[in-house]
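Read the structure below first, then the notes.
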Amino acid sequence: MSMPIPSMPSMPKRDIESKDSQDTVFVSLRQGSRHEATIHDDTFLEAVDHSRLFWSRIRATCRDAFSEFFGTMILILFGDGVVAQVVLSHEEKGNYQSISWGWGLGVMLGVYTSGMSGGHINPAVTFAFCVFRKFPWRKFPIYAISQVLGAMCGAAIVYGNYKSAIDVYEGGKGIRTVPGYSKTASAGIFCTYPAEFMTRTGMFFSEFIASSILMFLIFALKDDGNLGAGPLVPLALFFVIFGIGACFGWETGYAINLARDFGPRLTSYMIGYGREVWTAGNYYFWVPMVAPFFGCTFGGWLYDMFLYTGADSPVNTPWMGLKRLLPYWKQNQVLQSQA
Amino acid sequence: MSMPIPSMPSMPKRDIESKDSQDTVFVSLRQGSRHEATIHDDTFLEAVDHSRLFWSRIRATCRDAFSEFFGTMILILFGDGVVAQVVLSHEEKGNYQSISWGWGLGVMLGVYTSGMSGGHINPAVTFAFCVFRKFPWRKFPIYAISQVLGAMCGAAIVYGNYKSAIDVYEGGKGIRTVPGYSKTASAGIFCTYPAEFMTRTGMFFSEFIASSILMFLIFALKDDGNLGAGPLVPLALFFVIFGIGACFGWETGYAINLARDFGPRLTSYMIGYGREVWTAGNYYFWVPMVAPFFGCTFGGWLYDMFLYTGADSPVNTPWMGLKRLLPYWKQNQVLQSQA
Amino acid sequence: MSMPIPSMPSMPKRDIESKDSQDTVFVSLRQGSRHEATIHDDTFLEAVDHSRLFWSRIRATCRDAFSEFFGTMILILFGDGVVAQVVLSHEEKGNYQSISWGWGLGVMLGVYTSGMSGGHINPAVTFAFCVFRKFPWRKFPIYAISQVLGAMCGAAIVYGNYKSAIDVYEGGKGIRTVPGYSKTASAGIFCTYPAEFMTRTGMFFSEFIASSILMFLIFALKDDGNLGAGPLVPLALFFVIFGIGACFGWETGYAINLARDFGPRLTSYMIGYGREVWTAGNYYFWVPMVAPFFGCTFGGWLYDMFLYTGADSPVNTPWMGLKRLLPYWKQNQVLQSQA
Amino acid sequence: MSMPIPSMPSMPKRDIESKDSQDTVFVSLRQGSRHEATIHDDTFLEAVDHSRLFWSRIRATCRDAFSEFFGTMILILFGDGVVAQVVLSHEEKGNYQSISWGWGLGVMLGVYTSGMSGGHINPAVTFAFCVFRKFPWRKFPIYAISQVLGAMCGAAIVYGNYKSAIDVYEGGKGIRTVPGYSKTASAGIFCTYPAEFMTRTGMFFSEFIASSILMFLIFALKDDGNLGAGPLVPLALFFVIFGIGACFGWETGYAINLARDFGPRLTSYMIGYGREVWTAGNYYFWVPMVAPFFGCTFGGWLYDMFLYTGADSPVNTPWMGLKRLLPYWKQNQVLQSQA
C-alpha cells in the first residue's frame, strides 16, 4: 500500500494523466467549473501520489480508448434510442424531426463525453485528422476499434430497453425482421437501410456528399484562422448533424460513420435479426463503411485546399505533401545535404 | 434599528452571504451584468451593514433550501405545465415534442434559478454528488426535502392555472381520474404512469438507464479535465433532458427524479385524484422514487471509473475509496502510524 | 459648418453618446467585433467632432425612446408575423409550436436590438426594474410610450405585409372580424383573445402567473450572485418565452406585456376591426394591460425576497424598503440626527 | 524548389496570408482551438517559407472569392437540400418547420465557413456594408460573382443527389416542371416562386420587408455599442433566418438574397427546367434580385439613423454623408482651404 501524504491546498489537483494532452482537438473555455470539495476528515487519505495507483495508471494508458468508447456509446444511445421510440410508437412519441434532433444531440453529447481524446467518435473523422492534421497514425486502429465497440454496446443497451416494445411492434415474442423483408421490420432502429428507389451509385454518392459536408464543416468550425466556433463547437455540430439529417438524410439514412452503422449492425446480427442485415439492399452494408472515408477525405482536402492556411496541413507544404509518399531514404538525403 | 452608514462608491456591494459559496457547483462567466443603479436621495439609507438585517441573516441560513425549492418549482411549472397544455388541449396546442422541449427548458431554467446551491433540483443528483464529489452528506436531507416541497408547490400552481380546463377535459366539475381507470384521465399531467405493455423489470430498467445517462453526462459536462461545457452547462442540460425524453421517454415517462415524481404525485393525491395515484400500474409509484438513486450512482461511478481523473472522486483514491467504509479507528491507526 | 479635423488612427471612435450608459442592463462580451474600416480619401471629412452634429445630439437625447421603440417593433414583427403566417395559411406553413418559436425569438432579437436601453420591451418589466433595481422612475413613461408606439408600428407592418392573405382568409376584400364573432376571424393575429371556457378570475390568474414566472426568471438570469446567464441572457430569454408559450400559453395567449397587447389592439382597431376588439371576451382587453404589472411585481419580489442578495433591492434594506414610502422629511430627520 | 528551413517551435505558424485581415467582419473568441501537431520525422520539410509556395500565394489572392464561394455553397446545400427532402418525400421526412430550420442553419454554417471574408454570402448584405460600413466598393463585384457561382454549384450538387427522387416525384425520367405549370413541379426546390394570391406590389413589399429586417438585425447583432452578440452572431443569425422563414416566408419564399435565388434558378434552367423558370409568376424572377438591395439598404439606414453611433457610418458624418455624392474637386477645395 502506498504511503498517504497530507494534503496541501495549493497543490494542483488535476493533470495527473496529462501526458499526450496535446492530442486534444477540442478546447473549451476551461473556467474553474470544478466543484471545490469541502475539507473533511478523510481528505488526507486521498492526497496520495495518484500516478502510483494501479487503476489510474491503466486508465491513463487506455484514456483514448475509453474516451472514444463512451463517446460513441452516448451517440448511439441517443441516436438509436430516438429511432426506436419513433418507430415503435408508430410516430406517436416523435416524428422524423425528432430523429434529426436525436442524432444531432447524440453527436453533441458524445463529443462532450469524449473531449479528452478529441471527440472524433467516427473512424472517418479520425482518418481525416491523420491525413490532414498530423494526428498520429498509430492511434487510428485504437480509435476505430473503440468506436465500433462503443457503438455495439450502445445498440445493445437500446435493444435491452426496448425489448418488450419490439415484441409488440413485430407482432410476437422473438420475431425480428429487416426492412424489405417485412412490413413491421424493426432492424432499422439499429443501422441504416437505403430507400427503395436508390441505385447503387446514388447510395454511394449520397453518403459521399454527406460525409464531405461533415468533414468540411468540422474543419471550418475548428479553424481559428477562420471565424471558428471555439467553445460552441459541440453546439455547432448539433446543427451540422441536424442539418445533414434534415437535408440529406432521406435516401440512405445518413450513416456517414463506419462505427455508427457497422457496430449496431453487428449487434443486431448477434441479437438474431438474421443474415438479412447483411444482404438487405443488395448487400448495402459496405456502403456506409467505405463511403465515409472517401467523403471525409475529400471534404477535408477541399477545406485545406481552398481555405485553410495552417502549416499542419500537407496541402500547405511544398509539393502539397506528396513528398511524404516518397521513400524514406529520399528524406534522409535532404537531411544530409543540409548537414 | 441598525444605524445607517453613508454609502461609499468603492465598497463591494455583494458577497454579504458568501459563506459556504465553495459549494456552488456551476460557475458562470460572471461578467458584470449587474444593473448599475443611479444614485438618488435615499441611497445612504440602504448602505447599512446587511449582515445585521434580520431577514438577510435568515436567508443566508436557508439559502440552499430556498434555492433548491425555487429551482425545482420552476422545473415543475414548465414540465407539468407543458403536459397539461398538450393533454388538455387534445394536442392542439402542442405535441409530444413540445413536452420534451418543456421538460428540457424546465431543467435549464431551474438550474439557472438554483445556481447558488449547485442547481441539483433532483435528490438522486445530490446523492451522487455526495458519493462522488465530496458534497457534504449533512446537506442531503435539506436538499431532498426542499426539492420535494418545491415540486409539490409547482404542481399546485399548475393545477390552479388549469382547473377549469381539467373540468372540461374530464367531463365534469370535480371529476379527477388516473390513467388506466378512465379514458379522459388527467393525473398524467402531474406525475408519470408507465405504458401498458411494460413489465416491472422493464420499468425499473428504463428508469435506471435514463438516470445513468443523466448522471454520466452531468459529470462529463462539468469536468474541466474533459471538454467541459463551462457556462453552457444549462444549455447542454436542455439537450440532455430533451434527448432523454425523445429517446427513452416513452415507456415510463422519464421521471428520473424522486422530487419530480413523488412531489406532484402527493399534490395530486391531496387535490383529490384518489388512492389510484398510488395503486396505478400495480403500485408503480415507488419505481421512480428508487430507480433514479441506483441509476445516478451507477452513471456517476461509470464516469469516474473510466474517464474522471480528479482527486475528489473516491475512485481515484487508494482501494477506490472502499477504505471509507472501514470503521473510524482504522483511519486513526493510519494517522498514528504517520506520527 | 464645423471644421473638418484630420483623422488620427489612435483616437477612440465610439462613446460619443456614452452619457447615461450606466443604465444599460445587459452587457455583452464586447469583443472587438466592429468592422475596421479601410482608410480612403474622404476619411478626414468624417473625423469631425460628432457631439456637435445636429442629428447625433438629437439621437443621444432620444436614445432610450428609439431603442425601446425598435426593440418592441422587432418583437411584434416576429410575434404577430408568425401568428399571421400560421393562421392565414391554415396551419400549412407552421403550427402552434412555430408560434412559440416566433415569440421566443422575437423577444430574443428585440432584446438584442434594444440593448442600449436595457432591453425591457415590456412596460411591466420596466416597472419591476424601477421598483426593485433603482431604475429611475422618470424614465418609466418614456419607456412605456415608446414600447406601445413600437408595437403599434410593428403590427401595422405585419398588416401591410399580409393584407391580401387576410382578404382571402376572411373571404372578401375589407372584411375584418374578431374571434367569437366569426369562424374566420383574423384579429387574433394582432392581439390576444381568451379561450372560451375561461372565467374572468382564471384569465387574470393565468396572465398573473405567466408574468410572475417571466420576471422571476429575468431577475434570476441577470443575477451574477446566482449562476447568471451573462452573454447568454437573450438566448435564455428565448427559452423562457418559448416555455411560457408552450406551458401557459393556451388559455389567454400569454400577452404578459401591455405594449405587446394594447399596441397591436389599437392598431387593429384603427385598421377597421371594429369595436369588437375591445368588447370581445366580455371586455377582456384590460386584463393583459393590468395583470402583467401585478405579476411582474410579485415575481420580482419573490426573487428578491428569497434569493437576491444585492444591495440595490429594497428588500435588502432596513424595513425592507418600506421606509421609502414615508414622507421625505422623515428621511431628512435621519440625516440630521447623523450630523 | 525553395530551401527547407528547420522548424522552430516558437515561430508563429499562421498569419501567412494575413494581409487584408482588417476586412474580416466577424471575430470569434479565438482561443487556441488549433490541434497541436505531434512532431515527427518529416516536420522539417514543411517549415518552409509558405509565402513562397505557389498555391498559397494564389489562395491569398483569391481568399475572399474562395471564402464567399464556399460559404454560399454551404448555404444552398442545406437550404435547397431541406426543401428537396421535404417536397420529394411528400412531407414524410420533414415539414415546413424543417425548411425554416434548414435555411437557418444553412446561413449559420455558411457564415462559419466564410468568416475570413466577413460571412456575407448575400450580395445585398455586401452592398449595405459598402454603403454604411466603408467596406471597399472594389470588392463588391468579386463578392457578388463568387456568391452566385457558389450558389449555382450548391444547387447542382443537390440536384445530383436527388436526381432519382426527382424522377420518381415528377412521374418519369427526365420530366422537369415548374410550379404553376404542373401539380408535381419540383423547380421550387431550387429557387422561389410566389404564392398565387400575391400581387406584384405585394411580392416586392414582402421581399423588401424581410430584407430590411435581415439587415437591421445584422447591424444590431454586430454593434458592440449595443448589446452585441459577439461570438454568438452565427447562432443569432440562425434565429433571424428561422424567424423570417416562420413569420414572413409564406408569400414569396423569403429569398432575400440575389445569389440564393438567381444562382440556383440559373442552375435549374441549365439542368432543363425550361424557360418557365423565368416566366413563372409573371416574370417574378427579377423581384428577389432587386428587392433585397432596396430592403437591405433601407434596413441598414434605419439602424444607423436611429441607433448606431459609430463613426464609420455616413449617417454619423456632416450632412449625413451626402457630401460624398459631390464631385471630387469639391473635396479638394476643402483640403486646400485648410492648407
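Every chain is named by a letter (A, B, C and D) in the order it is written, and numbering of its residues begins at 1.
Following the convention adopted for this analysis, a contact is a pair of C-beta atoms (placed from the backbone, for glycine too) under 8 Å apart; a residue touches a chain by one contact, two chains touch by 3 or more.
Just so we're clear, the structure is a prediction, and the values are computed from it rather than from any experiment.
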{"item": "Superposition rotation for subunit A onto subunit D, Cα-based, multiple of 5°", "value": "90"}
{"item": "Euclidean distance of C-alpha centroids - subunit A vs subunit B, Å", "value": "30"}
{"item": "Whole-Å separation of chain centres (CA-atom averages), subunit B against subunit D", "value": "43"}
{"item": "Subunit D residues counted as touching two or more neighbouring chains", "value": "26-27, 29, 97, 231-232, 235"}
{"item": "Touching pairs among all chains present in the structure", "value": "A-B, A-D, B-C, C-D"}
{"item": "Subunit C partner contacts - residues on subunit D that touch it in the complex", "value": "22-23, 25-27, 29, 96-97, 100, 118, 129, 133-136, 195, 197-199, 202, 205-206, 209, 213, 216-217, 220-222, 224-233, 235-236, 239-240, 242-243, 246-251, 302, 305-307, 309-312, 314-318, 320-321, 323-324, 331, 334-335, 338"}
{"item": "Touch list for subunit C against partner subunit D, complex", "value": "1-2, 4, 13-14, 16-17, 26-38, 40-42, 44-48, 50, 53, 55-56, 59, 66-67, 69-70, 74, 77-78, 81-82, 84-85, 88-89, 92-95, 97-98, 101-102, 105-106, 108-109, 111-113, 115-116, 119, 157, 160-165, 168, 231-232, 234-235, 238"}
